[in-house]
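Multiple structures follow.
In the two assemblies presented below, chain A is common to both, partnered first by chain B and then by chain C.
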Partner chain A sequence: MSTLPSAIVNQDEQYLVDNARRRKQLSIWFYFLCVAIALISVVILVVLMVSIWSQGQSRLTTDLLTRAHSELEIERSGMWPAILGSLFVCGTCALVALPLGVGTAVFLEEFKPTQKVLRWIHGFVQLNIANLAGVPSIVYGLLGLTVFVYMFNVFGQIRVNESAGMEIMGYKHFYQVLTLEPGHVVFAPQTDPTVRQITFDEPFQAVDPDGNPIEISIWTPGTPKPTDPEIRRRTVRSGAIGGTITERNWYYFRLPFDKSFLSGGLTLALVILPIIIIAAQESLRGVPSSLREASMGLGATTWQTVRDVSLPAALPGIMTGSILAMGRAIGEAAPILVVMGAAVAKSSGPQHLMDDAVTMPVLIFNWAGRQQDEFKELSAAAIIVLLVILLLLNSTAIYIRQKVQKAQS
Partner chain B sequence: MFFQINSRSTPLTGKHTIGCIALASSLLIGLSGCGSKSDAPTSTESAAESGSTAAVSNLTGTIKINGSSTVQPIANAVKEEFAKLYPNVNVSVDGKGTGNGFKMFWDKETDISDASRPIKPGEFETCKDNGVEFIEIPVAYDGLTIVVHPKNDWVKSLTIDQLKKIFVAGDAAKQWSDVDPSWPEEKIEIFSPGTGSGTYDYFREVVIGKSEASLRNDMNLNEDDNVLVNGVAGNPYAIGFFGVAYYEESKDKLKAVEIVNPKDDKAYLPTPENIASGAYAPFSRPLFIYVSTASLPRAEIATFVSYFLENAPQLCERVGYVRLPDEIMQRAAKNLDEENTGTHYVDGEGNSRSGAVADIYQPENLTK
Partner chain C sequence: MPTAPLNQYAEGELMSLPKALQNREFRSTHAGAFSERLIVISLALCAVATVLITVGIIYMLITESAGFFRSDAVTMSGFLTDTEWTALQSKELEQATFGILPLLSGTFRVTLIAMLIALPLGLVTAIYLSEFASARIRSWLKPTLEIIAGVPTVVLGYFAILVISPSLQMVSDGAFSTFNATSAGIAVGILCLPMVCSLSEDAMRAVPRSLREGAYGLGCTPFETSVKVVVPAALSGIISAFLLAFSRAVGETMVVALAAGTLPTMTLDPTQQAQTMTGFIVEMIKSESEYGTVQYYSLYAVAVTLFLITFGMTLCGQIIRRRFQESYQ
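Our next item is the complex of A and B:
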């Protein structure tokens, strides 16, 4: 009693009224403070959007969506290869990170071990995942460089003129040699892949683009040179050198992955894996244990319970986490720069599994750093496109999630 | 009860799987769709439909280029024009910096290395140790511009000695009045490109030379040249330096300082004429490409490099650089034709040479 003000103890009416008014006022002030704090972030977002829109809207043309980066016609530069590249990189990332992430979360939440040693391992994994979520993405970039791009050099190095690492499938090697007709080349099949260059001194068999053999004759300087373009196209100068070129199918596969979109996607998968695991764990934890117990009580195995009870119930939460994680993946520039480099002038999307790619954030980063005003405007326009694509992807995922939720209820 | 749960959740899991498969297959379809245009022996149909003067070639292959981000726009421009004639050749131009570029070059990861400064003796040694031989080809001039705020009315021109006072560590000038007593007593704010850039290296070499001294470490360093432009534009007492292409784009915000040529004691502005004539010395620098001779027998490399050499003068001007005199381009063409390997910028004893490109890029200076 002694801690209360004497006015309360004495039931001083005037004091009680004043006190209540003061507290109510404070409460109102606090409410406005909260609104103001919440508005700050919205205001910043609006300022950002407006400034980017005002800078970039004049460059939002079909050229931007359909053409590639151009150094000579800046105003007609586009980001189509970057859009494709980002989709491929993020597609790879999703294909790898989602099953792995959800799988890990299921293991951590649904298969809690009882033995002491196993429990210790379990706790160790859990601790590591929490730590990994805080690692900066550039560190993952360096990891990806060693693990995916070079693979510790155990499969050999990729070197121009020497070796292409360990090629596994989807390739055919040819020797490419210039004919007497300027700009025209013929291809001779390669039999020994270790011989990267050969010299042609005698007539040989080459193949045309359809794979049919054609006879190639040799012209020795000093003898009459053929003039008919058709014959010149089938004649090679004596001593001409054929260098290796590789015909690659889309499923071309080799180790190490080099600076390919596959390396980029796998690295991004590492970046978002902890986020997906933690989100999936949280939503699995949110499934009432009564559901699981009911399932177990009916004689279902743990796997059956996970498959038919826990996972379906947790799916909306898992999808929300995955959407957020993919949003981060599509916007990451730092690890992509480290792993794939910044060859922004690429004019097409990836052609095969081992092809390099340019992604939207890397292109935006490059454009924003250029001195020409056109490029700065283009980078603002590209940011708008990136945001729209991000929104499209997210709303598709949210739509699917709603469908799932509806089907579930 | 168990069956009820089971039947209720089956459609979900089913849909989820389909979603996954759809995602996977769309990725694969996308790949195979693009795969048809692979960089391999493809049909020559496009040659027939081309209405331009030169027929489209069936040349194919992959060319890997890395190195200076300053040279990257030139290489990109050449690639762009080259692709119109040789659409099946895949040219990849990255820009990780001159030093990193050389590292990849001697690791044999690239065919061509872009450089915004000549190769250093140490780098040249490592190339030799790794059995990498190259042809050194200058492709354009870049003028290094020293800029101040437009309201700065006291600095009209600077000599190398004054630049030393401002930029070299040790007893560096804190205030403008330390350089010249008639100048204001205000703190000098310096904006410089990052230490990893060829621009920083080049500036350091010109101002300090071969001595052990270093540039002062209280400068504002930034790899993004736009930051440097805005930094100098925002402070009347600031000074900074970067490539001439950047200055051309922000002439209204900055003032270029005339540099006193040590040879004739006259001050020159970094105009294209002064850079090309060599009057804007010592801050006009040549840009190079280094071509691996191991790659040169390949038809696609040989074609690309001769195309580069032929078209560099026109194309470099279109991306904001200054063309080299025809005389130097002819010497470079001769080196390429005769496959004269080695650098002109390192002498027999392993010391680097410095000076105007017209003097150094001479056949008798070539070191293998």
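Our next item is the complex of A and C:
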């Protein structure tokens, strides 16, 4: 026999009334607790913004935007190389991650296999992507360090003035040698890349700093020294020693990549790849299947359907997701720090593919960790610049989303 | 015998065949089929690349940390049980001890504090968003959380040393050292909060209305409905959100590198410095240690530990979400 609930059996009216009141009271308290806790996140955001603004607003000068980091003139340090560096690194990252990510998403969403084994593999790849999204970014940094910077040490290590790795294109080696005119140097082309130093005692062909070929003659000590500056510029003392110098074009390419912006960009691409894939997949999933079926019914192949129907319909979502992923890439510091190092002394943007670079988050990290108050304030100012850039990016994403929603409704 | 014209209707009549049929432009499909296959293969290669990344990570971690464990200065048991980690402090290899426990203890101190902040706050905010908040409140609370989620971690690290650490010192009369586990933990908690909140909220929104209506029909108060009906119904999603947040907190780098200090300590005291695993990796990179030394390889040994913990957590989270997802269709 089933027993009745105690509330019905035990009809103690006073108890029932009290209990109901207590429960209602508790519910109201809980509601206010919810409101209070939800407000905490707003408070956190406000405190964050206000404290950083008040710390950094005095340093928001044109110096900050146009000059480079300087140890000597702390007051006038700036973040222009870092802005350029972030641009290059994130550009590389976008060029690699976007096609790869969208391609993977299209493959996983639109070419779903039917055989059992392939379906199992499909599920495995899917789970793998979800797991990759959870790998800490610093582990990607170490992957970049091993694979791009050192390339498992297969091509040897790059050391200043010792070895340059395996150079492939975009370089010219010269021997740099002083002429008799003080401070004037000429460059003789290097023929044997293993000889790092050469002694001149015979006339040779060379180029001057402007790139014009000139004939260099030799002056032996003891004989009368030429006095005409034009001739002095074309004369080298016998026994002068020339060291190597390399002229690099923008497409200079070598293996391993060393601590270059290319390594940084490729590593960042690995970090945001899972984010882009997941966003693009969700966006493709949102395209109604009736559209695809109509296209198939008209005789289009799967790829034609994807190209002309699914992708255009999913494009706004993919773009929004990609922009948000790029926002993540711009603010990401840990993998860049591991791959490109923590140095911030660079005073210009990257000059060639293998050049190193500073990025904004690394500069902020470096400044924030210093003792001097000036650097702390500069760091806050740099954070404001970074947040403004992120805000612009995110508003673009929201703008696209809203424009599309309007067009679809 | 002349073939009948395909276009049986004279011009001007109502129906006409498509132009391709009228002009008998039948293209060979061979080229089309070939290019289609080419495209599918290249798309498949993209998908394979994602698997290669995982393979690459695992291969890199195994081969490079093998370089660490091969060295005479380290043993596996010493690595797991020693209570000192002095890879950076001692320049001489003989004096360096490599015991992962202090780094682990630092990581878990920071993570624990972060979870104490992120889990309750995130869950209650999620309950509020999914059960109580009006559309207008949602429309500004959600973007607020999205902005917090989008703040770069290095900014939160700066916030920790600019605001959180000094206020902790002020409140406690200087009991906290300048760099301490608590301030880093709070900042990491702020970082995880939006993640816990949005994942739990998604799970709770997936609970069908009928369950709530049933609860209200039986006389439940809003509190009882949300805590005793909706939360248990969404439990798999909430637990997976917790696990994902936990793994995010363990792998968080920039906040701890800035705010948690650089001394590996083996204590439970949250007011002291606490170098975490990620914090050590950053310090090691900053010290620009030579490629190939034991100290350099110790990076990978730490990374293996970090990877195993986060990978396990994420995997559990994913499996729980997939396996135990209640479906209400």
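As a working rule, the second predicted complex is superposed on the first by the 316 of 409 C-alpha atoms of A that agree within 3 Å, B and C clash if a C-alpha of one lies under 4 Å from a C-alpha of the other, contacts with A are read in each partner's own complex, and residues count from 1 in each chain.
Quick note on the criterion: a residue touches a chain if its C-beta (ideal position, glycine included) is under 8 Å from a C-beta of that chain, and two chains touch if they have at least 3 such contacts.
These numbers come from a predicted model, not from an experiment.
Following the overlay on chain A, a clash is recorded for the pair chain B and chain C. In the superposed model, A:369 makes contact with both chain B and chain C. Using the contact criterion defined above for the overlaid structures, shared-chain residue A:342 touches chain B and also reaches chain C. Within the superposed three-chain model, A:43 lies out of touch with both chain B and chain C [touch as defined at top]. Residue contacts after overlaying the shared chain place A:106 against chain C, while chain B stays out of touching range. Of the two partner chains placed by the overlay, only chain C lies in contact with A:35; chain B stays clear of it. In the overlay built on the shared chain, the residue A:299 is in contact with chain B alone; chain C does not reach it. After overlaying the two complexes on the shared chain, residue contacts for A:177 are found with chain B alone; chain C is out of touch. Once chain A of one complex is fitted onto chain A of the other, the partner contacts of A:187 are limited to chain B, with no touch recorded for chain C.
The superposed model puts chain B in the path of chain C at one of 75-83, 201-209 or 255-263, which is 255-263.
Taken together, the two complexes place residues 157, 341-342, 368-369, 376 of chain A in contact with chain B and also with chain C.
Residues of chain A touching chain B in their complex: 69-72, 84, 87-88, 91-92, 94-95, 98, 157-162, 172, 174, 176-178, 183-185, 187, 197, 207-210, 241, 243-251, 294-295, 298-300, 304, 307-309, 311-312, 315, 341-353, 356, 368-369, 371-373, 376, 400, 403-404, 407-408. The part of chain B that touches chain A in the complex is made up of residues 1-2, 5-6, 9-13, 15-16, 19-20, 23-24, 26-27, 30-32, 34-35, 37-44, 54-55, 57-62, 64, 66, 73, 76-77, 79-81, 83, 85-86, 92-96, 107-111, 224-226, 229, 245-246, 248-250, 292, 294-295, 297-303, 315, 318-320. Interface residues of chain A, counted against chain C in their complex, comprise 23-24, 26-27, 30-31, 33-35, 37-38, 40-42, 44-45, 47-48, 51-52, 55, 99-101, 103-104, 106-108, 111, 125, 127-143, 146-147, 150, 152-153, 157, 270, 273-274, 277, 301-303, 324, 327-328, 330-334, 337-338, 341-342, 361, 364-365, 368-369, 376, 379-380, 383, 386-387, 390, 394.
On chain C, the positions that touch chain A within their shared complex are 32, 36, 39-40, 42-44, 46-47, 49-51, 53-54, 56-57, 60-61, 63-64, 120-121, 124-125, 127-129, 132-133, 141, 144-145, 147-148, 150-159, 161-163, 190, 193-194, 197, 221-224, 227, 244, 247-248, 250-254, 257-258, 278, 281-282, 285-286, 288, 291-292, 299-300, 303, 306-307, 310-311, 313-315, 317-318.
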